[in-house]
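One chain, chain A, links the two complexes that follow: it is found with chain B in the first and with chain C in the second.
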Partner chain A sequence: MPSTNASRKGQEKPREIVDAAEDYAKERYGISSMIQSQEKPDRVLVRVKDLTVQKADDVVWVRARVHTSRAKGKQCFLVLRQQQFNVQALVAVGDHASKQMVKFAANINKESIIDVEGVVRKVNQKIGSCTQQDVELHVQKIYVISLAEPRLPLQLDDAIRPEVEGEEDGRATVNQDTRLDNRVIDLRTSTSQAIFRLQSGICHLFRETLINKGFVEIQTPKIISAASEGGANVFTVSYFKNNAYLAQSPQLYKQMCICADFEKVFCIGPVFRAEDSNTHRHLTEFVGLDIEMAFNYHYHEVVEEIADTLVQIFKGLQERFQTEIQTVSKQFPCEPFKFLEPTLRLEYCEALAMLREAGVEMDDEEDLSTPNEKLLGRLVKEKYDTDFYVLDKYPLAVRPFYTMPDPRNPKQSNSYDMFMRGEEILSGAQRIHDPQLLTERALHHGIDLEKIKAYIDSFRFGAPPHAGGGIGLERVTMLFLGLHNVRQTSMFPRDPKRLTP
Partner chain B sequence: MPSTNASRKGQEKPREIVDAAEDYAKERYGISSMIQSQEKPDRVLVRVKDLTVQKADDVVWVRARVHTSRAKGKQCFLVLRQQQFNVQALVAVGDHASKQMVKFAANINKESIIDVEGVVRKVNQKIGSCTQQDVELHVQKIYVISLAEPRLPLQLDDAIRPEVEGEEDGRATVNQDTRLDNRVIDLRTSTSQAIFRLQSGICHLFRETLINKGFVEIQTPKIISAASEGGANVFTVSYFKNNAYLAQSPQLYKQMCICADFEKVFCIGPVFRAEDSNTHRHLTEFVGLDIEMAFNYHYHEVVEEIADTLVQIFKGLQERFQTEIQTVSKQFPCEPFKFLEPTLRLEYCEALAMLREAGVEMDDEEDLSTPNEKLLGRLVKEKYDTDFYVLDKYPLAVRPFYTMPDPRNPKQSNSYDMFMRGEEILSGAQRIHDPQLLTERALHHGIDLEKIKAYIDSFRFGAPPHAGGGIGLERVTMLFLGLHNVRQTSMFPRDPKRLTP
Partner chain C sequence: AAAAELRLLEKSLGLKPGNKYSAQGERQIPVLQTNNGPSLMGLSTIATHLVKQASKEHLLGSTAEEKAMVQQWLEFRVTRVDGHSSKEDTQTLLKDLNSYLEDKVYLAGHNITLADILLYYGLHRFIVDLTVQEKEKYLNVSRWFCHIQHYPDIRQHLSSIVFIKNRLYANSH
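Up next is the complex of A and B:
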């Protein structure tokens, strides 16, 4: 690799090596010229997580970030970090390193990316502060690949400190806006790495489960010509010389796919809500995991498939992502997520009875407020020992016009929400598949039939009974991990006040 | 099941059963009341594709669409369709069916969904017009579950007719706008079912391959605060009291994830281009399969990963979706897709030499026109026998400002496109990871630095060398299947003239 101990044009010089002529190690360190794909060296870079006693006495090359550095006489201790793993490295004056080289190493800015050649050495005393506790790296060569600026907008160690500890001892933590304004650095913490690896796992488990169940993945348009759900809370887009809108859900398109005989479909994609809500659980753009499915005779066929899909996700996460769950819980302690098999299904009237017994006053046809949802979650947890359940048979009055009424009770509907730790993560229903009933219900809701003509027409050429629902990815991630703000589980969150980065 | 031979309120009455008192089969047919999840019957519905000689003499229930019906004296022959499968059913006057019942069956509108009870009977002569050639269903009960309106806006048989045949014999085909205006029906054809099942497979294979390679799936925002690539061709969104934009690619966010140590990321999501292009291969909204990856020393590490991912997709499709490929080729005949392992990589200058040898006049720093891309595809196919290849080292002048220049030749760049059957499906490059060089290149392109400050700042705290690219899902589907318009491979296409359905 071409490298040089002269600093690169325009980058801040590390404090200087005096009298380079006397430096017997001068070829062994420096700032590499920018990697522009000049060469294809054979060099193998070993992963930090693979630095274990099995590699003791091997000479290895490692690329990692400088997490911390600490000079101490003729030695410099570095902690090298690679994703959630780190290892201690030692540069000490001797055969391989000169005092200038130790000084160079000690002056590399934190978060810089370096290439290091070193010997893996077993240590006698475990290194408690690193994930690789049994070895350290004795550095023979050290080159800066990408130099970080000297002042970081936030410190990674502050960013992973549990907040309760910060309150107690006055040590710094990092507030949410600073994190989000500097997301590229905040995402490097072990907590962020774990959150978003687990989130990737949720998507993977969702699709894996549904594909095994015979579902087809569909892609639905986000730019739509009419605000299908009445026009409230919808973003307007300039579309050439006209206006268009951003889809508030893929529901119409999922239903069209059911009318087009795909039978069982799912999609994962952005959902847009122009709602001026600044709460811990609302975003203006979030990721929807959507399901729609034709059924034979009863929408519970669909409820069971959706609930089982969520159970498969929970099981998969607990099996495959235990390390990530543990990592997050170090900063945000929380009880493991509990669920039953099969999933508990409560009817709305049963939930009302539980709430009333706990002193809540509610009408039969009233929707659940957020505090009542949370209280219900606690009551259900006490009684049934589950953090996940289905609430079925919502009052017809509180659901959208396309919701199928319950044939046994005209005030109820064939609709359901699903809850994790007392917060709603999915809303769904049997949809009306009959164009005439759909028209009647739309009129009842005062909806302009002209605006939903295309929607109603979709059902005119034979439509199977069907049901479905939409899951909020960020909420599932948040609630599974017991976090408290959906901005922690959206990489680049969007709310009425935040559009950057 | 509750059912009635009186027609349902408001739906068109099938021609009437006279003198119901004399009808000994009157409980055996009729129009079911709307399925509102009244009951959970034990009845098992058998899939049409499972109706084979193994089931001969079994009594089965089937739910399917009426594809065609043909009355003939005391008999009525129906073709029952379920997705891409169909079977012949016979209602004949006898013990189970009265003449009124045969008449009822004969009058059910095409595309209606029905439940049928029948005996599976082996036939002596294969039924050439059905996928289930060895059996037919002798109907004992028949109920309409969802009645289609009598006039269909297009006929499914017309919609799957190969176009060349239409030209020859004057039989009807269906033009593209009629198809798209009535997409719910057009998507029911065997061709459409196959196209979109295969497209679902492309997404699945893409993710399966990348997750096996250690990639993490990310979700990137679609509403952004600034038009990052200069402001041309971007849709504007009203965002509360301000303006925002729709992301033209997830590139900035993918790169931020690389700067945040995720190392290898991918995402699948909508990409928006406000381009007034009305060609066979442009959409204003399409699905991007995006990859970004840190590399060690040379961007070819990334090119190889991406090319191998596409090869795994091609292999997976040919292994798992042969039925779908054959189905599409019945309507749109085409040569099987050919590719090499490892993938052919040509340099731009080699391609120029091939084109010049074929008589094309081009400058060294000129971009490929669409006709020249296609010609090059033919020349490459002739010489190397592959429909897929990488074209590497594009002239720096024709690539975006963030493209890494080639250190060996300042007029070239570390960038590449990938082609299928002579059309571009991916554009990618090594990105500049050094904030100073990025600033220089932006200034050279006349870009307002203030607008891309956040982008450049992402690289100030240590950034690994990295490269990536974005694949157009609809183009891959179109070109793999040898189709000729990207609207055939987008369920609900968006172009400057089309925003519905």
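Up next is the complex of A and C:
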């Protein structure tokens, strides 16, 4: 164990309490004094991913974590990790390192952050366990910048081990709760790094695509005075002397922006649902990617725009995030995500026919259950070879009151869901923009008009026909990567049983 | 339930109804009171008797080995299918049957036998609840079951169960 009492005075001149007299390398290692921004040394830190044969024989400084260490007689092998990249480092007794220095290096706790000066050396045999396979670092100086505690709540190697179905192969994996309780460490794994880089890519591509299509990004309030989608499933918060609610959707505000002539708007923000569902795909707080758009004559103009936005996201991910996709599939193997251009649009009655052909008994006006949704996804994949499709013309009876009825069939509506790998990721509709029809529909649903007065009033001063929808970011990430739990794609998930970290 | 099944069997064999069945004991073992002889007990005994009554001995197998096989599957039906208690047992049963049927069209020999008929009746209530994915998992059972249910005399009023021809889950993880 390196002494934590080691000198914190000078700059990088720590001392080890070992037989100092004989230690000719004592200036070359130790615990660095805490960085309090004392100085701005003229030193370039090379990124681990840039350690390649081009740098062979260069002397470089690297800051990285100790991923693993293994002492073997007069030498010590370290694997240094920086984000998803790692490189092998060697500390060997010789001109630069003493016996004490090797011992010091071997005893640095895993996950500690260290600064290392070393020579990049080309290796004859590829190092299979590292991302930098062609070089290793011959360490000349090694200083601990931030020491990790000796006992880790979970081992990174266990956390990225693929789960073998059925038979236990005796090797440890880490369960979901341990991961989430120690999220800071779990997020360091190559899989987590890849998942959240890709998720950032989804938001970026969503913005990029919509801005190019002429959309305006808006911000909507999350503390609201009335429940947005009916009274159920809403969180109440105290608001000075009254109560307020957490927004279940930015829908009303998106629609107000349409009434205010922004024509095409989108927003990315948190959405809250007080739903006590403990499933693989429900969270109480998630990120909504919301779109609302005025159209000219037919809501399919909007459906096509939204579907194309998703297709652009899928394409962008497959072009720009191939490494991340591969990294995740090493731990969670899955087939590449498939989609069609233009996107397949099925009508609800066609889907019902497909399900009935497969032996499912359902009424025309019944909503899809989760198992039937998944089965339909399989049937669609088999028939059309796509993991993404739009299901259009839902029965009016299963949609919210503000959904525009289908003018040709009073039992249908101008509403749609979008699916990835058989699971819903978006729900949307043409909204009723006529206050009178909206009032009728609200009464039909038994809604207290007083409570939605502000909503209905928004449409009294001329409102363009419009439609929109909301996408769940965590679900899109999960389903694109073929993962099985939305908690894997929420950095700090909130569900009925988890409020920390 | 056993009585209803025996009536289905009677009808499929072309026998006139009229036999009186009762059930005995906790496990509701079927009993047939014959006209002028002793009463017969147990599903497979009674079923075998009915086949002989109908003079359709070929349904009991033609060679000695086939006859033994038919008996073996009747025993399977009574002990494993009727004796099941949990969902897990059903899964194991289907798994075993699935691997047996890998290279077979019928349970015993190359023709339909009483074993196929009684196993079809016995499994119907389980197969009806299987998901599309489970039916695909037990592909050989599904193929065999679908084949047997296509004999209208055997299926009678029992619901026809849908099997999808194309595989939906083959490449999934």
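Note that the second predicted complex is superposed on the first by the 481 of 501 C-alpha atoms of A that agree within 3 Å, B and C clash if a C-alpha of one lies under 4 Å from a C-alpha of the other, contacts with A are read in each partner's own complex, and residues count from 1 in each chain.
Rule of thumb we're sticking to: contacts are C-beta pairs under 8 Å (C-beta built on N, C-alpha and C of every residue); 3 or more make two chains touch, one makes a residue touch a chain.
Every value quoted in this text rests on a predicted model; they were computed, and no experiment measured them.
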Let me test your reading of the model: by the given contact rule, A:D434 touches which partner, first (chain B), second (chain C), both or neither? first
With both complexes superposed on chain A, which partner does A:F240 reach: first (chain B), second (chain C), both or neither? first
A:P464 contacts which: chain B (first), chain C (second), both, neither? first
Does chain B (first) or chain C (second) touch A:R65, or do both, or does neither? first
Touch check for A:T284: first (chain B), second (chain C), both, or neither? first
Mind telling me which of the two, chain B or chain C, contacts the most residues of chain A? B
Tell me the contact category for A:E335 with respect to chain B and chain C: first, second, both or neither. second
Common ground on chain A, meaning residues reached by chain C in one complex and by chain B in the other: none
Inside the complex, what are the residues of chain B that reach chain A? 1, 9-11, 34-41, 43, 45, 63, 65, 82-83, 111-113, 145-149, 152, 183-188, 192-193, 196-197, 199-200, 203-204, 207, 211, 216-225, 235-240, 242, 244, 246, 253, 256-257, 259-263, 268-270, 272, 274, 276, 284-285, 287, 296-300, 404-408, 414, 430, 433-434, 436-437, 454, 458, 460-465, 473, 490-492, 494, 496, 499-501
In the complex, go through chain C and note every residue touching chain A. 131-133, 161-164, 166-169, 171-173
Footprint of chain C on chain A - complex, ascending: 333-335, 357-359, 371, 375, 378-379, 381-382, 482
